[in-house]
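First subunit A sits with subunit B, and in the next complex the same chain sits with subunit C.
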Partner chain A sequence: MLIRSREWVHAWLLLLPALFFLFAFTHVPAVMTLWNSFYSTPRGRRPARFIGIENYERMIGDPVFWKVLGNNLWFALGTIPTSIAIAIAMALWVNDRLAGRGFVRMAYFTPTVLPLIAVANIWLFFYTPGFGLIDQAASTLFGWPQTNWLGDPATALNAVIVVTVWKEAGFFMIFYLAALQAIPPSLVEAAKIEGAGRWTIFWRITFPLMMPTTLFVSINAVINSFRLVDHIFILTNGGPDNASSLLLFYIYETAFKYWETGYGATLTVAMLAILCALAIGQFFFFDRRVHYK
Partner chain B sequence: MTATDTRPGGQEILLETVSKVWGAHKAVDDLSIRVPAGTFTVLLGPSGCGKSTTLRMIAGLESADAGRILIGGRDVTHLPAAERNLAMVFQSYALFPHLDVAENIVFGLKVRRMARDEREARLKRVAELLGLSALLDRKPSQLSGGQQQRVALGRAIIAERPVCLMDEPLSNLDAKLRHEMRVEIRALQKKLGFTMVYVTHDQVEAITMADQVVLLNGGRLEQASDPRALYQRPETPFAARFIGVPPMNVLPGALLAHVDADLAAHKVGLRPEALTLAAAGPLAARVTSLEYLGADMLIDCAANGATFTVRLPGDHDIATGTEIRLGFAPQDLHVFDGTAGHRRDDLAMAAGARLAG
Partner chain C sequence: MIAAADAPARPRRRRFDLDRALNTLAAWALALLWILPLAFAIWTAIHPSAYEARFELLAPLTFENFEKAWGAAPFARYFLNTFMLVTLILAGQFLLCTLAAYAFARFAFPGRSILFTLVLLQLLVMPDILIVENYKTMRILGLVDTIPAIALPYIASGFGIFLLRQTFLTVPRELDEAARIEGATVLGILWRVYIPLAKPTYLAYGLVSVSHHWNNFLWPLIVTNSVDTRPVTVGLSIFSAIDSGIEWSVINAATLMTSGPLLIAFLLFQRQFVQSFMRAGIK
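Now for the complex of A and B:
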């Protein structure tokens, strides 16, 4: 009995440092955020007071909130399937026996290693109207007029999407490469013997067997589509007219630019709720299709 | 529909001077084999002798570096696996883990877009034949090793291809199941009539199943013949020692030089079970150790620096260190050429005649 309780004490002592930081920087702030979302923003000598769901009512009526939410949906739809498709294509390609395979793998992975801020600065040059890489290429190849990709509300968000896909695909490729290498070669050989071509082998064998990876990657991608906003600061600052602003970027602006911490907390709660719902939904959606070994 | 209606009929497989090189290592070296249509041929040999490589070249999973491969008279050397019209069972079974048993079996039929009715009919027939009917909607991970093996067999036979290849398909099973599956596979092959090429390093499997045994050694053909001939008339000392437990004694011919002086420069082979105790026998030896096996006993002997094994039926009252004399029937003497290594029946006949006379 005594030994049992001693073990318990040891266990808790060992867990304590990690638990402390986990609570101090994750759990307590999360609960505080929920708490704050029901209070007004303290200003000067006016302390925060309980206002119930007033902040939430404001959020429902806030056109900018709906705009950035729509943007975020479009951003997720634009980045996730594309980056997953590109990641799979790259993984299949570098998994083949080709000359300089190591070099190609490294080249594909490079965008992942670069800081997003640096990536955004590089792309800022690409997008520069007139003499940026893209405009130059477009004008010499197709004779297109000069375009302000980042300054036009119609193209700003799409321009941001392209940068994100470029940045993320290489990262996801690594997971798919690992998944591909975990598939026993004899399965592909058996399929070949049965008369299957490359296309059939991919859709009937390889892709279904990589489903756990796809689930993992897509959950990460969804979270990233809400989380990755660093490049927006560099590329567009959310503009023009919130055309490229995303939910987290709006939260940052609200809480730390306009110091509306109460409303910022409310927006944060909304974002967390959406993320939870998506992650749970994905698990149920994929559950029937994912084959775990 | 009777079984004879569904016979796919076999196709002949011909390997003409086929080679496969990995770096500087010749895994298969100038190999020529003929597998007659509808027969069961076993590729046999020690580990690393190139059996799997040969089989994979026939399958089209590995390209041949030299030579030609013909299946049913068609040159398939440069055709991909999918176009060679054959079936294969892998050592690991290679069942698709995300598909259930039924989907695994009909995979090839679906790929080739066979009509649904025909597919279902065939699936039913194959499932009954292999006793899988109750397992059709299980996943491979929910099956025992023997059941997985059957599913792999089902996938191989359902398309009724003229050629079936198997690479050590029984090596993951226990001894009893292995025996059952051996009988079953052989019966299946006879019934359906396809040409079988079967890889194993187990001589019992080879001897019991094969119409023809192809014995490989270091990527080269050692001997290709029916199992009886392989046991009774081995062409080389390697073949002689590979088949039979315990292996044949291959001894310097000098031991029998007093019988026939011509033997001195060659090697003589005597199976342990061919030697008998004989007071006037030509072979004098000293017993070095004994092993009692119940039905018979193994006696290790030494004679003039050579050691060999004798297998005597029943129980004999022999102690270690005794001097014994051994004899053998003239037709049980094998002689191998001292330089080239091949079988010398002329010398064996002559020596046999002297022994008898």
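Now for the complex of A and C:
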């Protein structure tokens, strides 16, 4: 009994520093966010007061909130399946015998190492109307007129999606590479003997066996689609008219540009609720399809 | 992937394989497309601004854009700040996550599973999202506009604790018990048995952490407001946002400069980088 309680003390002492910081900057702020979402924003000498669900009512009636929420949904739908499909293709190619494989792998993975801010700067130059490389190529090849990709509400968000896919596909490729190497070669050999083509082998063997990776990658991708907004600051600043603004960017604007921290907290609660719902939903949705060993 | 590379090629039919040729072509096309933005940025940065959109093989090379960028903003200070920031975070993470992971891996105590769940919850609810409350905390602590303020929310990393715990679980119990019989203390066992065996995990986690925090932007943007604390990412965004007609070639030079150290490290240690990201991602 004495030995066991000494072990408890040791374990608690080992955990204490990490738990202190974890609670101080993750769990307590998360609870405080919920708490503060029911209070007004303190201004000057006027302290925050309890206002019930007023902030939530405001959120429901806030067209910008629905706009950025829709944007974020479109952003997630635009980036996640595309980057996962590209990542799988990349992994299959790089895992195969391929001339110049070292270079190809480096080319795919390099965007992952660059800061998102730097990536956005490079692409901003690409998108420059008239002068940028994309417009130049479009006018030489197809004779298209000058296009302001980032300044037009119809194309701004899609332009941001392209940048994100470019940045993330190589990162996801890594996980698929690991998954591909874990597939027993005997399975593929057996299928070949049975006369299965490449396409059949991919859909019947490789893809199902990579399902746990797809689950992992897609959860990661969903969280990233809400968490990473750095490039918005450089590329569009959320504009034009919030056409390319995402939820976290709107939270930033509300809390740190207009200093409406009460409403900012409410928006954060909405974000946390969405993230939790998505994580749980994804887990159950995939759980039936994932083939565990 | 590396093992597959070294495997001897199986004898194959000598017939021209159209399928393979098409695949190689597609793989290369995508690779060129993927490297194009970076190659283009490098092109403009090392040529005079007159060649920003004119591609001539013999265009004169210049280093002037880098000099201009370096002189136009306090990048030396920004680099120092980033360096201090990633060092502080990495040191803190290694210390706290090691201790916590050890407790979770090898100690039985009440509340272990619920605490571990709370740790894992951080993978979903990240400090990146809780910017409003964390800023309030920093203001109460009087830490706004300091480097520790950027670092503190990330020091206890749920991801790091999880990763190290998984590694510590693979250490054979016999080693642990042998050290205990020899009279080693709790921390002595951790230091002499567990940490040396987990070196590859530390390398992997270190690379991932450094590149993540080198690139981090939103939280540093919020919590810093002076040259003495800004990391390079925030410095770069301010530099390139000034509407004073800075040439693109100079902005591209600055962009490459800020990502330069990571990029060079990546090119030199490509294999370690890729393996580290792989190792850190597989659970």
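Following the convention adopted for this analysis, the second predicted complex is superposed on the first by the 293 of 293 C-alpha atoms of A that agree within 3 Å, B and C clash if a C-alpha of one lies under 4 Å from a C-alpha of the other, contacts with A are read in each partner's own complex, and residues count from 1 in each chain.
To be clear about the criterion, a contact is a pair of C-beta atoms (placed from the backbone, for glycine too) under 8 Å apart; a residue touches a chain by one contact, two chains touch by 3 or more.
These numbers were taken from a predicted model, which means no experiment stands behind them.
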Which of subunit B and subunit C A:Pro208 touches, first, second, both or neither: first
Subunit B versus subunit C as contact partner of A:Ala18, first or second or both or neither: second
First (subunit B), second (subunit C), both or neither touched by A:Asp62: neither
Touched partner set for A:Asp152, first subunit B, second subunit C, both or neither: neither
Contacts of A:Leu187 with subunit B and subunit C, given as first, second, both or neither: first
Broader residue contact with subunit A after superposition on the shared chain, subunit B or subunit C: C
Partner chain in contact with A:Glu54 - subunit B first, subunit C second, else both or neither: neither
Common interface positions of subunit A, toward subunit B and toward subunit C: none
Residue ranges of subunit B touching subunit A (in the complex, touch as defined): 59-61, 80-83, 86-88, 90, 92, 94, 96-98, 107-108, 111-112, 141, 155, 159
Touching residues on subunit A, where the partner in the complex is subunit C: 4, 7-8, 10-12, 14-15, 17-22, 24-30, 32-33, 36, 86, 89-90, 93-101, 103-119, 121-123, 125-126, 128, 131, 133, 136, 166, 169-171, 174-175, 177-178, 180-181, 198, 216, 223, 226-227, 229-230, 233-234, 248, 251-252, 255-256, 261, 264-265, 268, 271-272, 275-276, 279
Touch list for subunit C against partner subunit A, complex: 1, 3-5, 9, 19, 23-24, 26-28, 30-32, 34-35, 37-38, 40-41, 44, 52-53, 95-97, 99-100, 102-104, 107-110, 112, 115, 118-119, 121-137, 152-153, 155-156, 158, 161, 186, 211, 214-215, 217-218, 221-222, 232-233, 236-237, 240-241, 248, 251-252, 255-256, 258-259, 262-263, 266-267, 270, 273-274, 277-278, 281-283
Sites on subunit A touched by subunit B in the complex: 184, 186-187, 189-197, 200, 204-205, 208-209, 211, 291, 293
